[in-house]
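Common to both upcoming complexes is chain A, partnered first by chain B, then by chain C.
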Partner chain A sequence: MTLFMKPVSRRGALKGGIAAAAAIAAPSVLRAAEPPAVKVGILQPVTGALAMDGEFGRTGAELAIADINAAGGIKALGGAKIEMVFGDARSNPEAGVQEVERMQSEGVAAIVGGFASPICLAATQAAARYDLPYIVDVGVSDQIIQRGLKNTFRFAPGFAICTQAAIQNLVRINEAAGKPAKTIALVHEDGLFGSGLAKLMQTELPKHGFEIAETIAIPTPSRDLSNVALRLRSLNPDLVIPSTYYGETVLLARTMQQQRVRPKAVYAVLNGAASNMRFVKEFPEAAENIMDVNHWQDPRNPKNAELQKRVVDAGKQWNYNTPLNYSCVMLLADAIERAGSADRAKLIDSIAASTYDKHLMPYGPTKFVGGQNQGAAPVSTQVQKATIRVVYPEAFSDAKPIFPVRG
Partner chain B sequence: MTRRGYLPILLVLAVLALLPFAVTSNVVLNFVVFVLIITLAAQGWNLLGGVGGQSSFGHAAFFGTGAYVSAILQVRFGINAWVATAVAVAAGAAVGWIIGFLSFRAGLRGSYFALVTLAFAEVLRILANAAGFTGGAAGLLMKLDVGFWNMQFTSRAAFLWLALGFVAVGLIVSQMIANSRFGAQLVAVRENEEAARALGVDVLSVKLKAITVSAALTAVAGCLYLQYFLYIDANIAYGLWISVEALLAPMVGGRGLVLGPIIGAFTLHGLGEASKLLAGRVPGIDLAAYGAVLILVVAFAPGGVLGLLRKLRFRSQPVAKTAEETA
Partner chain C sequence: MYSLPIVAEAMLNGLLTGAVYALIALGLTLVYGVLHIINFAHGAFLTCAMFAVWLANTFLGLDPYLAILPLTLIFFAIGYAVQRFVIGPASHGDDGNILLITLGLSIVIENALLAGFRSDTRSLMTDYSFNVFEVGPLLISQARLFGFLGAVVVTGLLWLLLAATDTGKAIRAVAKEKLGARLVGINVSHVFAVTFGIGCATLAIAACLLMPTFYVNPRVGGAFVLVAFTIVVLGGMGSITGALIGGLFIGVVESLCGLFLGESLGQIGIFIIFILVLLFRPTGLFGARA
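Moving on, here comes the complex of A and B:
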């Protein structure tokens, strides 16, 4: 009892007080020596319909920021750390704009992300009011870069580049195999990308000797695609080209499997599921051999395997959004480094002049023209033995295409 | 009699109008602008669904028509934004009249009317998604061209005042209707349609008038959404979200009351934003708060926030109750 009751002497109290004051003051002294952090806004839809994709993207951005800080921050700013200001775009453009306003009020140097085209369109515009640099991660709508907004950059390929590549790759793969595929059935969702894509295919593919047997539009969401599968079975096309979102693609692939619809190949374009590991893991048989033209990481870059391992070890899922957002943040950090400042005008000039090539994507060196990265291109992927392989172009491929799947 | 009810309206408007002088944060101003747009759509709904008792589940049809007509006129024909807005509001009102004519003449009420309005909105959404002149699924993007004549403003405050001006018109129109003979007829139709008819009320014409004004107000919200965000597609303009927003705000605020929509919209979205601030980085917490508010309102305050306030006042002052009843 006396131990606790022992009276504190005046001198003892003084000593203790000084020690306590020093302990409290010490971190602020340390902090003063450190340069102020550069805030970067990360905008992703992590609630609502697009939550899954938003999470993939957020993971990538978080890892990139952690890596930059672990490597000593921005050296040109005396090792300034990057501080993430995260915003949930809630899968709709209004929430995206609201988050951009919040990020602006918190003083971010730039924003990365957006994912869906409507969110990107609204958010880049809100950021443009403050000349706030904005790097779009996915948002394939070409309207994003056609508005002459100086602050807006897109690192990934847009709709026009992707569809062009999709048609070229298909023609080459088919020719290399001795032209086994002639008739095609298009199955597309009736929204922006599906119907746009179908229209383009209808005009472009016949020029290369293909015959469009049927074009089938399906709504999103669809709960049953038996009729579509039966129609495909009676048409018996050589190729099925689905341009649909995740749920419908999975449903279509499974229904086709059940109804024994066996085309020579399933060749998807910018598909929601065909380049998604979740689909491959959950329905390996239905997914096997499906091809896709999409965003994907460079499989020959060893950094990707390393990053993927970290993501999986953390109990998270991996998709192309992860390396894509990782690369976007890295590109931004490189631009801040070269600008030697987090000043917005300087940063915009610096991003515009970027030739960043240490990214994880199968792109050439970065070169922005009118806000679009000209080095960006999609790749052809194929699900082979329950993993997603890049089969085309050869410069990045880690497997040969299996085409036709059935002779 | 004619001045009754205008004082609280004036008070609410004054507070909101002075807000940009007190708060300069664009986060807050942007939030208020969005809530005011929702308020306008909700005021439209409240007139038909709250005062008139014809619960619509498809106010997106009017919101979307306003937004699309305005966007098409501006983007495709280069028509001035203000003129386009006026035409779009007229078009929204016309769509309201047509939907009203078709469904009220067929004698649809209650859940049948709700389902039919939902169907109309969905049909319009699919058409807008498929047609070429609406930009199809790619939607319509307006050029960012700031200027008074383009109804685009650099400062969020200017847009706030514009939206507030329209909300003020909505409030005054609602109050005028509440004080008028037409308002009394509308309430009579809500309470008992057969009795109203027996008393000589032209039920069809009263309902048609209500849906037309209601649609016009909601169409204004669509136009403002377009001018503010400069981009619409079928899922934004004709999406279910705005139908739900338009009916939730009056339900939460006080169904059929003039100030119901504005109180409800600010309560719902305000609590959502506040929980986002308090809970910090937990994604979706604001949506959970939103849901919780709804459940609480439905369970404990069927008359909405205003109804609850009134009930509490009466409980503490029994004298006031009798005075109100005799009035």
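Moving on, here comes the complex of A and C:
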């Protein structure tokens, strides 16, 4: 829980201050020997409604920059260090654009981040005016890569890839278990995200032999979901698919548990809570066995455990945004290395030609087509014994799906 | 289209939710009835109280129901102080100013909470959060039934306070005739502050009753206070009985609209009632003539 920041002790602050002062005062001869640093803009919403996610992302980007510099910087540029120019998108697109303008004036070579779709949409467009390469970390709206902006690249899967995978994974998991699930109830928030997803499910799932028993829209915020639980109890569907934000998902899971609504599985898609450790920690009983299709790190890659330990040891929190942003910055460093230059036009070509595969995500090698990384894919996760496991696809899984949860 | 047990259960759910709405509306209607101001900071104070319950539970391990007593006292004191030392002096006797001050207060409180707690959604885990009473085919949430009973008891106590104690008489006197009350020796600014304090105290109780089943984030108060305004208008500005009956009624309307029209349209019933009441019975069901 990030209620209060970990306090910096006075002594610790002093030490840091002295070290910084020493670095500044170091003989100029020593510094002159170093090639000029490459500035990289890191844009994340670290205040406002999305602060929690922005912080996860910033942590990942910071660690990647520290690792690159510790390993000798960009070798093609004579060991040039990477210097972070951080911008707080303050959870709104306007602030995101302001920060892009500031980064531009400070002379960054590229920008990484954005998190939310509206921020990514606005920030990439602002960066496009300066032909400034921009790597989007999360923003799932497919509009981000459909505007023909040459500077814009998305490393993670978008909405279309995620929903496709969600349907595909569900069909396969269900078939592997002997097709126990047939009827489905969709519960979705009534905004763009939930409604869009529900509409897609309504048209796609019947093609695979599922029957949509009911589609229930709920507002955000909802004060009470007892009636939804009531309807679910009377319909008794095999599967419940919630596409809702954090608060409502928690409320729904708790109400369903209380009202003894026990479907064969709860299968969420890009859910606000089902892949969030806080939900799992606070309500282990309500969260147990909930499945989700979402961004997640590759659990089989040992570097993730190592990185996670560093994050936790530093008193910070870990979520998928952390390895995702770490990977994005690493991908950018690789592109600068191959371009042998921080020149923007060369960098855009270099990113577009990237085949980077040393990332921490459950993706194949990077391959950008029209700005979208074709190697990117979400995974199916499931809460098992109060931890989040990857259960599908098998190539990245660290547990077998429990499906159906009850017969 | 729904079987009878489901409709019955939805109505019951509505009653249980409505009681807590009523409790929140109670403070609002009381402050309006006496101070003749609409307290825009009502929602912000509710959010504060909910965070206080969360803090008490998370850091002191205090059960939300046990937190009722200390939090009620603390919030009474806060409310008293805010009215006595901030709202009262800053208004310079002009009701229009008070409106703006409470609006300003709500913005300050909400942003302070946002700075302190971030925008994360938090909830409590108590042993009884998921417990239910089984009555025939119905599963009634224990925590929400306690919420209902608590709300009814508090309404009763408040009514007693106003009807049978000297403080209550003073409050009613000030509400009816401020100048007259001052002439017979009632300390009007003290009574104002006490009333505002009681309004805040009811919010603290509402927060304690809500938290076992609900969540809190810095914007959560707004979701309740809009409904509370409707209840106050429906029940009649300043009427305690009106707030209780209005709250229960609105709860049932919301629940049934949610069931039959879909959750997203659940609120539509509330606001249709709001408009109808304003059109045809502006004093509300139990309100005195304006």
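Heads up, the rule we're going with is that the second predicted complex is superposed on the first by the 381 of 407 C-alpha atoms of A that agree within 3 Å, B and C clash if a C-alpha of one lies under 4 Å from a C-alpha of the other, contacts with A are read in each partner's own complex, and residues count from 1 in each chain.
Operating definition for what follows: a residue touches a chain if its C-beta (ideal position, glycine included) is under 8 Å from a C-beta of that chain, and two chains touch if they have at least 3 such contacts.
These numbers were taken from a predicted model, which means no experiment stands behind them.
Chemist: Could you say whether A:387 touches chain B, chain C, both of them, or neither, answering first, second, both or neither?
Modeler: neither
Chemist: Figure out whether A:190 sits in contact with chain B (first) or chain C (second), or with both, or with neither.
Modeler: Once the two structures are laid over each other on A, A:190 reaches both partners.
Chemist: Applying the touch criterion given at the start, work out whether A:257 contacts chain B, chain C, both or neither, answering first, second, both or neither.
Modeler: second
Chemist: Once the shared chain is lined up, is A:49 touching chain B (first), chain C (second), both, or neither of them?
Modeler: Second partner only, chain C.
Chemist: Comparing chain C with chain B, which touches more residues belonging to chain A?
Modeler: C
Chemist: In the superposed arrangement, does A:317 touch chain B (first), chain C (second), both or neither?
Modeler: Neither partner.
Chemist: After lining up the shared chain so the two structures overlap, which partner does A:221 touch, if you call chain B first and chain C second: first, second, both or neither?
Modeler: second
Chemist: For A:231 in the superposed arrangement: first (chain B), second (chain C), both or neither?
Modeler: A:231 sits against chain C, while chain B stays out of touch.
Chemist: For A:246 in the superposed arrangement: first (chain B), second (chain C), both or neither?
Modeler: second
Chemist: Considering each complex separately, which residues of chain A are in contact with chain B in the first and with chain C in the second?
Modeler: Comparing the two interfaces on chain A, one with chain B and one with chain C, the shared residues are 190.
Chemist: Sort out for me which residues of chain A touch chain B in the complex.
Modeler: Listed in rising order, the residues of chain A that touch chain B are 46-47, 86, 88, 90, 92-94, 97-98, 101-102, 104-105, 118, 121-122, 125, 128-129, 141, 143, 147, 149, 190-196.
Chemist: Which of the residues in chain B end up touching chain A in this complex?
Modeler: 25-27, 30-31, 34, 126, 129-130, 136-139, 141, 143-144, 154, 229-231, 233, 235-236, 241, 281, 283-284, 287
Chemist: Can you name the residues of chain A that touch chain C in the complex?
Modeler: So the residues of chain A in touch with chain C come to 1-3, 48-52, 91, 190, 216-219, 221-228, 230-231, 234, 246-247, 250-251, 254, 257-260, 278, 282-283, 285-286.
Chemist: Within the complex, which stretch of chain C touches chain A?
Modeler: Within the complex, chain C contacts chain A at residues 2-3, 6, 9-10, 13, 17, 114, 117-123, 125, 129-132, 139, 141, 213-215, 217, 219-220, 223-224, 255, 258-259, 262-264, 266-267.
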